[in-house]
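Pasting the structures in now, so scroll down.
Two complexes follow with subunit A in common, the first pairing it with subunit B and the second with subunit C.
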Partner chain A sequence: MTSIADAVRWTRHRCITAALLTFALAISSVASAADQPKDSDVDEFMLDNGMEVVIIPDHRAPVVTHMVWYKIGSADEPPGKSGIAHFFEHLMFKGTTNHKPGEFMAKVAEIGGQQNAFTSYDYTAFYETVSPDALETMMSFEADRMRNLILTDDVIKTERDVVLEERRARIETSPEALLSEEINATLYQNQPYRIPVIGWMHEMEQLNRADAVAFYDRYYAPNNAVLVVAGDVDAQTVKALAEKTYGKVARGPDLPPRIRPTEPEQNTKRTVTMRDARVSVPSFQKSWVVPSYHTAKDGEAEALDVLSEILGGGTMSRIYQELVVKTGIASSAGASYSGTYLDDTSFTIYGAPRGEAGIEQVETAIDAEIRKIVRDGVTESELEKAKNRFVRAMIFARDSQSGMANIYGAALTTGSTVKDLAEWPERIKAVTADQVKAVAAKYLNPDRSVAGYLLPPESAEN
Partner chain B sequence: MNALRQNAFTHVAVTALLAVIFLTLPAIMPARAAVTIQQVKSEHGITAWLVEDYSVPIISIKFAFRGGTTQDPVDKEGLVNLMTGLFDEGAGDIESEAFQNRLDDAGAEMSFDAGRDALYGSMRMLAEQKDEALELLRLAVEKPRFDQAPFDRIRSQVVAGIMANAHDPETTARLSWSKALYGDHPYSRQDEGTRESLARITPDDLKALHGKLFARDNLIIGVVGAIDAETLKKELDKLFGGLPEKSELTTVTDVEPKLGHEIDVTYDLSQTTLRFAYPGVSRDQPEYFAAYLMNHILGGGTFTSRLFQEVREKRGLAYGVASGLVNYDHSAVLAISTATRPDRAAETVQVIRDEVKRMAEQGVTAEELAAAKKYVIGAYAINNLNDSASIANTLVGLQLDKLGADYMERRVDLINTVTLDEVQAEARKLLSVAPTIMVLGQALDGGKG
Partner chain C sequence: MTSIADAVRWTRHRCITAALLTFALAISSVASAADQPKDSDVDEFMLDNGMEVVIIPDHRAPVVTHMVWYKIGSADEPPGKSGIAHFFEHLMFKGTTNHKPGEFMAKVAEIGGQQNAFTSYDYTAFYETVSPDALETMMSFEADRMRNLILTDDVIKTERDVVLEERRARIETSPEALLSEEINATLYQNQPYRIPVIGWMHEMEQLNRADAVAFYDRYYAPNNAVLVVAGDVDAQTVKALAEKTYGKVARGPDLPPRIRPTEPEQNTKRTVTMRDARVSVPSFQKSWVVPSYHTAKDGEAEALDVLSEILGGGTMSRIYQELVVKTGIASSAGASYSGTYLDDTSFTIYGAPRGEAGIEQVETAIDAEIRKIVRDGVTESELEKAKNRFVRAMIFARDSQSGMANIYGAALTTGSTVKDLAEWPERIKAVTADQVKAVAAKYLNPDRSVAGYLLPPESAEN
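This part shows the complex of A and B:
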C-alpha cells in the first residue's frame, strides 16, 4: 500500500538510461500532463457535504476504477513532521469502528480486485479496481475509513517500522535517490517541495499517534476530497451510490487555502555533488524552478511542455540527436518538465558521458543546445512535430482507464479543473515558437541553476 | 506494495531483483471474458488472435518470435538484446534518421524487447495512419539495416549501461543468483551481454541471427483495436509474408534449478535483501493451478497473503514481501523475496521459513482456498484488460503457453476443481525441499560481516 509519486524526480531521468532500448518513455512524460476524451462525456458534480465527484465513462470492459483523492500531500505537512502524509496513507489500511483490520483488503481480494494508494507533494490517493457490481461496497468501505479509523499505539509502531523499511528500500540503498533528495533541498530553498515525500529519516522515526490523529481530523473529510470513478458505469448510478455512501459523511472543518511559502529570488549557481563506491559512470542534471500549470501565467506552462519536448523529450529531440547520435559523447541525455503541481515545479536537463568523453563535455554541449534555443528559437517544423506528439499522446492516453482516472485526480488536486483539461489540447496547439524561445530565455539561465553530480569515488576516477 | 508510481530509478533497481517474481506470472484469462478473440488466418497461412474494438481510434499489435536471449551464440552474449535496439535505426532503403522521422510523422510507437525464451515486438498506432505505420513495421521486421554507425552507437549505449552497473550490489546479486540456480545453462547468462562479448559482435552477427530467428514458424501475433479480421489478414501477409518459412533455432535444454545453496553477496548496505528459491511447477503440468493457488495463499501479491501478514502487518519487518511461480520455457521455480533492516534479517528469514514449513506440513484451510479461488478467477479482467497493449500481451502470452483460444472458458473450471488435498500435496512437494537462499547486504549474524 503506497508509493511515493515523484519523490525523486532526478531519478526519473535516469530511468531513460536504463530503458534506453525502449521507446515508450519518450512519450510517457508528455502524456502525463493532461488529456481528456475526445467526446467529452466526463461528468462532474459536488455532493452536499462538499465532496467533488468526477465520472469518466469507459465501457470496453466490465471494470471500474474507483479513486478517492485527498487534497493533502507532503508539502502540507506541519514543520518537523515530514513523512506524516505518507505514513498516514499507510494507516488508512487499518481497522475502523465498523470493520476489523484486514476486512477491507480481504473483501477486495475476494472479488479479484486490486487496491493500493500513493502519496505525493500535493495529494494522497486511494483506489480500488473492481467489477462494477462491487462499486457500492468499495464506496462504503472508503467512506467508512474517511472518518472511522481506530489508531492504537500498537498499530502506529508496527506501521512506522514498515515505512522506515520503505525509506531504506527506496532511498537509503540508492545513491541516486540520496543525491536527488539533496538536490531538491538545494533547488527549493523555501518551498516545501524541498522535503522528501517519504520524510527525513530522523523525523519519520518520531512520528506518533497524536500526530496521526491530528492529521486525520484536519484533512480527511469529504470537503477536502475528490472522488474519481472511471469505467463501465453511468453517471446517474454513480451519483446515487455516492450520495448513499460518501453523502452520509459529515462535512469537516473548512480548510484555509493551500498557500505555501514560495521561492525567493535566486542569485547563485549551486552545485551538489555525491561520490559513491557503487557509481561507475558519472552523470549529472541541472534544474531550475519554473511555473507549474497552476502557477503559470500567459501559457508559460504549455510553452515549457513544448520546450522540454523539443529540447530533450525523446530520441528525436535536439539534445539526444546532438549528444547521443551525432557527436556520440553521451550515452543518455535529455530534458524534462512536469507541470502537474500546485506550486512552482522544476525543469531539468540531464546526461551521462560515453566512451572517452567527460561529464564536463556533456554539460557544455547541453548548455550549448539551450543557448541555441535562447538565441535562435525553434523551427516551425519542430514545433509542429512536438505538438503532434502531444495530440497523439492524448489519444493513446484514452486507452487506459486507470491512466485517465489518474490524470483527472492529479489535475483536480493541483489546482486545475475539468475545464482546464478539456481546453488543454487547444492551448498546446496555440503555443508559438516565440513563446518557446521566451520561456527558455526567461527560465533556463545557467548562472542561476542547481546542478547535481553523481560521481565514482575520487580514487577510482583516473 | 505494488507501487503505482515509485521513483523510476528505484523502480529499476527493485525490478532487477523482483522481476523474476512479478513479471513472469502466467497470463490468466477472466471468468467472464469481456473480450471476444477472433482467430485470424491470412491467405499465406499467417495466424493471429484479434480483439476488435473501436472505442479508441488506435491499433496495438504485439508479436513474438520464439527463441530469445537463449539464442545468443556462446561468447556473443547480448546479441539478441542488442538487436532489439536497432530495429528503428534504419530498414530497407531508409537510413536511421529518416526512418525515425517517418515513424514520428506516422504517429506510431514501436518497441522491441528481448526475453529469455522469445523476442517481442510491438507497435501502437493511430488507426487513421495505420498504412504508413505498418509499412515501417514491415521494413523493420523484414529488412533491418544494422548499419555500422547506429550499431556502434547502440552497442556503446549498452556497454555504458553495463559499466554503470559494474559496482551496483543489486546487479552483482542478480548475476550470482542466476549462476547459482542455472549453472552453465543459457538462463544464467547476462541478457545484455558483457563488455567482452559485445566487443566481439559485428553487424554480420546480427544479420545472421536475424535470418535464423525471424521466421513464420516461430511467430506469434496478437492484435487489438480498430481493425477488422479481413483487413488484418491482408496486413499480416504484407507484414510477415516476406519472412522465411522456417526458423533455425539452437536447441535449449531443460534445466533443474540448483537448490539447497546459500549465497552471500556481502556489502555494507542499510537494508538486507533476501531471496529464496524452491522448486516450481511447469505451466503444462496438471497440478499447475494447485501450485498456483497455494502460492497465492502463501505470498501471492495481495495484502492478504500469509507472508504479507506475518512479515509486514504483524511485525513491520519489511515494506514488501511476496512469493511467485517463476516459469520459463525450460525451468520453473517458486521464489520468495523481501528486504529488511540488517539487525532483523535473521528474524525475517526465520519468519519466512516458519511460514513455508507450516504450509508444507499443514497446507491451507478450506476458507483460504475458497477465497484464493475467487480472487484468482476475478482478478483476470483487471490484470489483463486495462488497455489494448495489455490485451495484446495477453493474446501473445496465451499462444506462447499453448493454452488455446478457449482457455478463458476452461480456466474457471481448472481453478474451481482444485481440491484441498491437491493444494496440500503441492505444498508438501515444493516446500519440503531445502531452498537456495541469497542474502544481499550485511551477513546474517550482523557481527562478522
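This part shows the complex of A and C:
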C-alpha cells in the first residue's frame, strides 16, 4: 500500500509466481546510485514487424534484464472470459514446436539466471535476468514462444487446474483479497478494472482451448509487444540480436486502439463490508476513481502523486504523523495513488486502529486530514519536502536494473512514452500547492467515495 | 415497487415512451374475467424462416394486439455500447425503403389504433392495438421495418439527440433514478444487468451509424423474433397472414446462445447512499441477487414469488402489516421479486419512514421480519392465502388482452415456454412452507445484501 515508486506500485495488482520485488532489491545492491542507469541514455527503435525496442544501458555489473511486454492485460479480455490474460501468461511456459515443455526454464536455471512473468490490467510481461552472453539465447526462446506454442486440450486442462488452484490459494482463502475484489467491483461501475486480474472462479473454470488459441493469435505478436533490455549491453548489439530473433517473427493482425469502457459520472457514496472469523484487527480503506497518467490533463496526475505523498506517503506524511505518531489511534495509515494505468485509476487512503481505538475513529481522523487540505491547501515547505521525497524515491526505483526496466515496460504499455519518463521528475517538481489543493477538492469528494471495511464477526466485536 | 404480476413488474425496468400500463388497464375493462383468454387456448407455430408465432384467442371485443418481440436487450449489448438496444427501438420508427418516416405511425393513428415499443435487459418489443381487419397492414409494416430501415448519419444524429434528451429528462433530473442505477451497478458485480437499459450518458453520446447498422443486421431478423397476436382472430388467419408478410423476410445470421457473463460468488455487505437537495422524505431498499425463472432449480423461483408475496406483497403482507398498519413507522414498505429474466435477477425489500421514525428504524423492522421467516418459517394458513392472492393476481393480469400478450412475449424471450406459462399457477400452488423458509434462508443473507439510501442533504437532516 505504499505509493513510492511505480516498480513497487504495480505489484499490488499483478499476479506473479515469484516475488519480483525481492529480486529487484537484491539486484539493486550490486552498484552505487551514482552509476545508475539514466533516462537520458535510454535508446529506442522499432523493428520492421512493428515491435518496439527500448535499451537501457547499465554497466555496473555483467548482468542483463531481458523483458517482453505485451499490450494485453485483463482489462482487454472479452466479456465472460475473465482470467484469460493471466491464464495465457501461464501457457507461455508450455512447449513449442521447437522446444519441449520446461526446456526454456531449464536453460535459464542452467546458466544461473532468473525468470518469471506477471499479468496486470494493462499488460502481460515475461523476463529473464542472465549474463549478457546469454541474451541471444533468451531472445531466441522468447521469440519462439511468441508464435509457436503447442496448445492441446491436455495442456489447457492441466494449466487451467494450476490457475484455479492459484485463485483458491491466493484469493479464496484470504478475506483481504476477497474484500479487495468486491471493492474494485463496486468502485468501477463500468471500467474493466472492476474485474479481478486472476479472473472470477466460475469464468476461469470455463476457459478452453478455443479461447486460448484466439487470444494467442490476436495478441501475441511483435506489433503488440515492447522489448525492454536493460544491462551491460550496447544498443548496436541489442539491435542486431533483436533483428536476428524477433525480427523473424511475422507481424500479427492490426489491432484497433485499446478503447475500453470508461466510467460514467458517479453520484453516490458506497461501502463494502466483509466480516470474517479470520480477521482479528479491523482495517479500512476508502477509494476514489481518479485520472491516470494516460487519462489526466493539466498535470493532474503529477498533482495526485504529490497529494498522495503529502497526505499519506510514508512516515513523514500528514496522516501517518497525526494518526500513528501523534494520537496513536492507528497502527498503520497512509495513502496511495496508482498512476501507471491506461484508463482512469484509483486514489486510496487506508488505516487500521490500534489499542482501544475503533475503526470509525481512524476513518474520521483521516477524513479530517483530507478536509484540511481541501480547505487550507498545503504549505510551500511541505510541498518541497514531499516533492524531494518523491523524486528521491523515483531515483531509488531506477537504481535497480530490473526496476528501471519495469518502469519503462509499464509506462510504454499504458500510453506513456520514453520522453514522458525522462521529463517525469521535472513535471513532479513543477507541481504547485494550488494544484495539490485543486485535485484534492476535485476528486476526494466524500459523497463519491467507496469505503471498504474488513471486520471480525459481529459476535467477536461486541 | 409492487410484485403482483409480471405485466406490471417488468415496467420497472423498461424504457417506454407512453404508459403501456395505463393502456392495459383501459383495455381490460371491456370484458368480464369469465371470458378472458385462457392459457389452454394458446396456439404456437414457427415460420420456415425461424420466426416463432404465438396466438392468444380473445373474442371479447373486436380488437387485436399485435406484438413483435426481439430477443435482444441491453444485456446483449457489446461492451462500451450501452444504450444501443434502446436507441435501436427508437430507430425502428424511422423511414424504410418502402415507407416514409412517420407513415406507419400515421396509419395507426388514422385507423384509431395505438402503437408503441419498449426495451428491457432481455428484449425489445413493438406493438400495435387495432381492429382485426387492420392486422395484415400492421404485419406488413412491421415485417418491412425488420429489414428495410434507412439508417443515414442524419437519422442517427437526430435520434441520438432524442435518446440523450430522454436520459436527461428521466434519469439525470431524478435522484431516485440515479441512485437506482448505482445500486444496480453495485448489486451485479459481473452481469450486464448492472448497466442501465437506457445506457450511460457518455457511451450513448458515442453511438454511431456503424454501431446501429451492425446491431440491426445481427439482431433484427425473423429467427430472432417472436410474434405474439392476441385478440379476436383465429389461428388459421394469423398463420396465413404471418406467412404472407413475415414469411417473406429472409432469415438472419444464426446467433450463438445468449450466454452473458454471470455473477461470481458474493461475499460482502454493501451500501449505496445518495444525498440530494430534492429529497424531503428519505427512503431505502435492500436487494439480493437471486435466481430467475430461467436460472432457478427445484422450484426456487416459485418459492421466491410466494416469499415476496408473504413478506411484502401488498397490504396483507407481513412487512406492510407490521410497519405501516401496526407500528406505523413506515408510510410504505414491501418486497418485490422480478422473476421474468434470462439471467439471475434481484429480490428487493423497501420502505420509507413516517412521522418521527428514522430510516434505521424502518430498516431494522424489515430485517426483523426477514429473520423471523428464516428462523420460524411461515404458517400453512398464510401460505395458502398468499398463494391464492398471487394466483388471483395472475388471473387479473391475464384479463387484459395486452397483459396476456406481454406475459407471453416476456416469457418467451427470457427462456420460458408456452407450456411453462400454462403450468405456472399449478407450480405456485405446489410451493410448500419449507421451500419458502429455505429460499429466505439461502438468499436473504444480510451479509450479502446491497442497501440503497436516498437521503436529504446532511445539513437538512441534522
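Just so it is clear, the second predicted complex is superposed on the first by the 423 of 462 C-alpha atoms of A that agree within 3 Å, B and C clash if a C-alpha of one lies under 4 Å from a C-alpha of the other, contacts with A are read in each partner's own complex, and residues count from 1 in each chain.
Keep this in mind: a contact is a pair of C-beta atoms (placed from the backbone, for glycine too) under 8 Å apart; a residue touches a chain by one contact, two chains touch by 3 or more.
Everything numeric here is computed off the predicted structure, so don't read it as measured data.
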Of the two partner chains, subunit B (first) and subunit C (second), which one does A:278 touch, if any: first, second, both, or neither?
first
So in the superposed three-chain picture, is A:400 touching just subunit B, just subunit C, both, or none of them (first/second/both/neither)?
first
Touching partner for A:352 - first (subunit B), second (subunit C), both, neither
first
Identify the partner contact of A:381: answer first if only subunit B is touched, second if only subunit C is, both if each is, neither if none is.
neither
Given the touch rule stated above, what does A:262 touch, subunit B (first), subunit C (second), both, or neither?
second
Subunit B or subunit C: which reaches more residues on subunit A?
B
After lining up the shared chain so the two structures overlap, which partner does A:97 touch, if you call subunit B first and subunit C second: first, second, both or neither?
neither
Output check: A:162 vs subunit B and subunit C. Expected answer is one of first, second, both, neither. What do you get?
first
Taking the superposition on A as described, I'd like to know which of subunit B and subunit C A:114 touches: first, second, both or neither.
first
Both subunit B and subunit C touch subunit A at residues none
Which residues of subunit B touch subunit A in the complex?
1-14, 32, 34-35, 53, 55-58, 60, 81, 84-85, 88, 96-97, 100-101, 104-105, 107, 109-113, 124, 126, 153-154, 156-158, 160-161, 163-169, 269-271, 302-304, 309, 312-320, 339-341, 371, 374-383, 385-389
In the complex, go through subunit A and note every residue touching subunit B.
1-12, 14-15, 17-24, 27, 58-63, 93, 101-102, 105-106, 109-116, 118, 120, 127, 129-131, 157-166, 168-174, 176-177, 180, 277-281, 315-316, 324-325, 328, 331-332, 352, 354-355, 385, 388-389, 392, 395-396, 398-403, 406, 456
Inside the complex, what are the residues of subunit C that reach subunit A?
79-80, 82, 178-179, 181-182, 185-186, 189-190, 192, 194-195, 200-203, 259-262, 264-275, 447
